[in-house]
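Once you've had a glance at the structure underneath, I'll fire off some questions.
Chain lettering (A, B, C and D) follows the sequence in which the chains are written, and residue indices restart at 1 in each chain.
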Amino acid sequence: MITLLYFAWVRERIGLPKETVETTATTVKELVEELRARDERYAVAFSDLASLRVAIDQDLVDFDAPLTGAKEVAFFPPMTGG
Amino acid sequence: MITLLYFAWVRERIGLPKETVETTATTVKELVEELRARDERYAVAFSDLASLRVAIDQDLVDFDAPLTGAKEVAFFPPMTGG
Amino acid sequence: MQISVQSDPFDFGALAQEFADGHTHMGAVVTFTGIVRDDDLGGLDVMEIEHYPGMTERAITKFAAYAKDRWDLGDVLVIHRHGALKPGEMIMMVATAARHRVNAFEAAEYLMDYLKSRAPFWKKEYVNGEPRWVNAKPEDEDALSRWD
Amino acid sequence: MQISVQSDPFDFGALAQEFADGHTHMGAVVTFTGIVRDDDLGGLDVMEIEHYPGMTERAITKFAAYAKDRWDLGDVLVIHRHGALKPGEMIMMVATAARHRVNAFEAAEYLMDYLKSRAPFWKKEYVNGEPRWVNAKPEDEDALSRWD
């Protein structure tokens, strides 16, 4: 069981801020493939990985990072703080 | 008639903050030569021009700057503001 | 280190004064304050700042600790707001105290560059009632490379 | 532009707040504050700052006007004290307001570099009763070249 979090327009496109999934994916990329296949909203939200960022357990990672031990995976656009 | 101003350790070595002089010098360097010749205190204060700065009428200039029209010439060490 | 992620406004002047007073063994204090510009595009109604609770504090703490160490800071302060902000309101501030001015400046700039592109905040502007997400700027991403 | 050369203390926090509040059409405000370090060499009794009345204001006004123009500042503030200052007291402050943070930072750094080496101030420290003039540092002179 992994908790997925969505922020900013990723949250808006998918239509929810948070959900829990069972997955056999071993990397973030595989998880994204599963989500894309699930529903049009996910396909749209994840259509361009270059415009997305991902964090595993609150640390930024690349899309080919392994999911081993991950409890929380968050997807969001490039950050605009400051 | 030119007003001479001295600051920081230049003032301390010469022993006064301000004086007025009649001079035929045409550049700062020539003025410095006149002052050096005048008295041991001036000779000491002006012994190393590299450690001195000069301003004519409140603008920093080089030692070979002309004195034409100068009303106020100030000598001081490198500045330490901020 | 003083780090706060909050929706409430903060008292910039009082915090800056207190920070400087608390670090008089340091010669140099730099502050940066980011303000919601009140003239941008004319019709900005409100800016909403979304963040990732938990990760935000974690990321800022990491950047601040790194800056403190790299630039030998006496202290560092970071406050960043989230929620709805009106034009003219202060979004965030950083403060750095160091023995030498170059360190205080560089550390503050580093913190700003990292907050801008690596702290999980997202800004949404409502301009004449129309919402739009603020896009990250390529130059902000590029700015990070100077700290490598 | 707000420029003041004065012997009286100034209220850093209040001035910083007022400066930021007055420039909410700018997104970025940077301040720098210089403090007489209270731990340097242990025994600093007092620092005396001598200046060249008239030329000081003239020089600072020139640097500030140049910075305002070069970095497109909304405003700039410079306050510099002279006279006898005790450890822990604030010597000076600058503040810059700009639309973008890089401009606000660079302008503040420029002002500091020029105040340091081109504004006619001289510092004399009394350490355990012994006076000594503070020497200009070669690195401060070198710092100016980056603005050419």
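In the analysis below, a residue touches a chain if its C-beta (ideal position, glycine included) is under 8 Å from a C-beta of that chain, and two chains touch if they have at least 3 such contacts.
These numbers come from a predicted model, not from an experiment.
Common partners of chain A and chain C, by the touch rule above, are absent. Between chain B and chain D, the least number of touching-chain steps is 1. Centroids built from CA atoms put chain C at 48 Å from chain B. Each chain gets one centre point, the mean of its Cα atoms, and the points for chain A and chain B are 71 Å apart. Centre to centre, using the average C-alpha position, chain C and chain D are separated by 23 Å. Residues of chain C found to touch two or more other chains are 34, 101, 112. The multi-chain contact residues of chain B, meaning those touching 2 or more other chains, are 82.
A list of each chain pair in contact follows: A-C, B-D, C-D. Residues 11-18, 20, 23-40, 87-88, 90, 99, 101-102, 104-105, 108-109, 112, 143 of chain C touch chain D in their complex.
Within the complex formed with chain A, the residues of chain C that make contact are 34, 50, 52, 54-55, 58-59, 80, 91-92, 112, 115-124, 133-136, 141.
The touching residues of chain B, counted against chain D in their complex, run 5, 7-9, 55, 58, 60, 74, 76-82.
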